[in-house]
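What follows is a set of structures to go through.
Two complexes are shown next, each including chain A; its partner changes from chain B in the first to chain C in the second.
Coming up: the complex of A and B.
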């Protein structure tokens, strides 16, 4: 079981991720609607894993990854974004993300990636 | 920014192909989200003065438009447009929840925005990878209005009211319920120039 922070600006997507992870024994310890809030929640909650969207208002997901990595270089962050352009995936991984899930995703893919990290 | 764009037949053909690649990827993602088949018609590419372009779109009925601005090597906007009944049916197909009424609820808006975000991202990904560019979609916004009014508003937001506008338009049909919608890509003229230059290089006609 992992303690997970879900960062996504879409309420619908947060609900979907909570549903998938929750029913498979993981605990959603927090949610954030943009990168800035995600960084704050990370500092406060210290989750085992963060799922991070990229396209969000204010601070985007890649910037948020950089900020979280500067707070905790051991942070485990998985990008969950529709933005699967090679350049963007590379940028996210270079910023410190451990994996990249392209939306729309299958439930099994989300679980596989989260469980590999725990 | 009043300017006219003149492209030759080969360039128009290459651009239609680019639009087709983008729209195919966008609709593939819609098919995956809904677990159904989504087909597309051959994309149309129109380049004409903004006001002419807008007045040709749609009738009096209300449509839901999710629009996503693009930044990076391509500036412009992608719009997913569905009539309200289709939008509600699409939400039902994805969430399994029947519509609450004729007006969109907050959750229905969230679902449609996310659909627009995913489709616009896949459209951009395909263009970016094909052209070797970086294209960054911004967070989606949703508006409900008549099609022409909606496009007018979007063009105004983009501060693009004069000169020629470029419209890639692809109609998609969502099989089980026969819902249809349109996806538009409207790059600004400078971005179109960049796309054309990249395409000319690809076919060995570099400047």
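Coming up: the complex of A and C.
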């Protein structure tokens, strides 16, 4: 079981993730709608894993990864990407993200990635 | 500014073009030879073939010849798949590879003409990729050779094959992550497909990374499985590095010692040397005329120098017969296949050298003879078995040096030439009469196949029997100053022996005069010279003959042979040059012997080329032109 922070500007996506993770025994400790909020929540909640959307208003996912990594170099961040965002995923990985999942995601994929990190 | 830079770049590439073409030809040759070996079941050659395709690809891509690059790329993939045992070689694949080679050759030929590639690579590329492409269902990850880089890296290289989940979407990023993890364990030497393709996600589901590492196989496996998601499987293999690789640099150093020179330059050098030889003769004449002693020493030295120079140039112009021979295995294979015959083709003496002008000329005759062997000679497998022969026929092409000429033998162990059948056909075609046929020896009957208008093909195939008979072959060889001999035994096989002069350009000749003109007889035709007295000549059946060591020798007056009034009939004794013609000795009566001299042969051109009896002309030391007799085509009787 992991404590998870979900960062996504789309409520629909947050809900999806919450459902998948929640019913598989993970605890959603917090949600954020953009990068800046995500960073604040991380500082406050210190979750085990963060799922981070890439394209978000104000502070995007990549910026957020960088900031979180500077706060906690051990942070475990999973990027949530759409098809065709290879370059940005790579950038995030370079910035310190551990893994990624691709929208539309399958339950099994999401769990595989999260469980690998725990 | 930009256009001038572009122009310079183009010019630069142009200068590479010749090198590219000639080198590519060599690689194509390697490919052809290799494919033939491969088809025979020799799997070892595949590395060599692969390398040739690989090198060609790199070269073509550098030159911007996309068609060639694309074809060789697909060939490389397919060859690798064969090597890895993922694709099993069959004759269909070999055919396809040959087809690819043909297309590459077409492109090269077009480039040689100064044109563009002019090929459409899409069809063949897609055909080739069908064997390796995404349609396949095999579990093994796609791998390709990393030979060079891997060898350079030395020992301790492991190949990590990673297969991603079937539904993995951002494949390139997974590859990227795998890279990242492996970098922690060692140094990445190479990956397959290459990094660009990995980055573009342009691969199936699997990729291989060559890693120089001290980590164990399990460590590598575990790390990837643990850190990278969507991985279906990881396999780690140790890569063997060939120790002889260091030899590569050595041979590279060696190759610097040779220079490529275009044939035209050698031709013009040969011409210049020829002129020099003529001038030398002229100097000798002057010396003799004015008896200048001081000139002797210098002239002797010049003589020596020109001879050496001539020999050197001659040597440079010598080309191994392999240049022509090497294209035959492929041809024989294709023909045999088409005809449904099984043929083992043996080539010997590939390293025998001939002047390239001679070599250029014998290609077609050899093609013709080889076609004859397969088309008419070798029997279909069933027929061979019935005869108690091995079902695989044997065709041999052999070159060897015999004194000052080269002998090329084309032989088969097929049905042989049946003299009776030949006679029958010759009679049917109206070449000889029934009566002539009945009195004809088997040897003479066989020689009928060289008669114009004779073609024994019972059915017309697109291979032979196209009306172009063996007479064309024979004429060509004779025109080169060579001879053709034929031996054959029914059901045992046929053997054609071609004797060819080493060179055409400069030859030693006997100069004689007749009817007030000087003629040259190539010395290799001359067997001896006699001084024949009037009373030694007798007339048998209207033909003047002499007795020579118990043999009867017909003697012809040269002028008569050339269709002019006979000369010298009044004199008591005349020089007679004994020459070999068609296996027999004949005497040619001339007016005067002048001497032996090196002559530079200038071919007869245009309408004169078909004049029988003359092989060409030469310029004498004093500037006069004399004709060179062609004994073989001289019409007697």
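Operating definition for what follows: the second predicted complex is superposed on the first by the 116 of 118 C-alpha atoms of A that agree within 3 Å, B and C clash if a C-alpha of one lies under 4 Å from a C-alpha of the other, contacts with A are read in each partner's own complex, and residues count from 1 in each chain.
Assume a contact is a pair of C-beta atoms (placed from the backbone, for glycine too) under 8 Å apart; a residue touches a chain by one contact, two chains touch by 3 or more.
Only a predicted model underlies this, so the values are computations on that prediction, with no experimental measurement involved.
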Chain A as common anchor, with chain B and chain C clashing or fitting: fit
Partner chain in contact with A:99 - chain B first, chain C second, else both or neither: second
Which of chain B and chain C A:86 touches, first, second, both or neither: both
Touching partner for A:57 - first (chain B), second (chain C), both, neither: first
First, second, both or neither for A:43, with chain B first and chain C second: neither
First, second, both or neither for A:13, with chain B first and chain C second: first
CA minimum distance (chain B, chain C), superposed complexes, angstrom: 6
Touching both chain C and chain B, counted on chain A across the two superposed complexes: 81, 83, 85-86
Contact set on chain C toward chain A in their complex: 167, 169-170, 172-173, 176-177, 180, 201, 226-230
Contacting residues of chain B [partner chain A, same complex]: 29, 32-33, 95, 106-107, 110-111, 113-114, 117-118, 120-122, 124-125, 128-129, 134-140
Of chain A, residues touching chain B in the complex: 9-13, 55-57, 81-88, 103-104
Residues on chain A engaged by chain C in the complex (per definition of touch): 81, 83, 85-86, 89-90, 93, 99-102, 106, 109, 112-113, 116
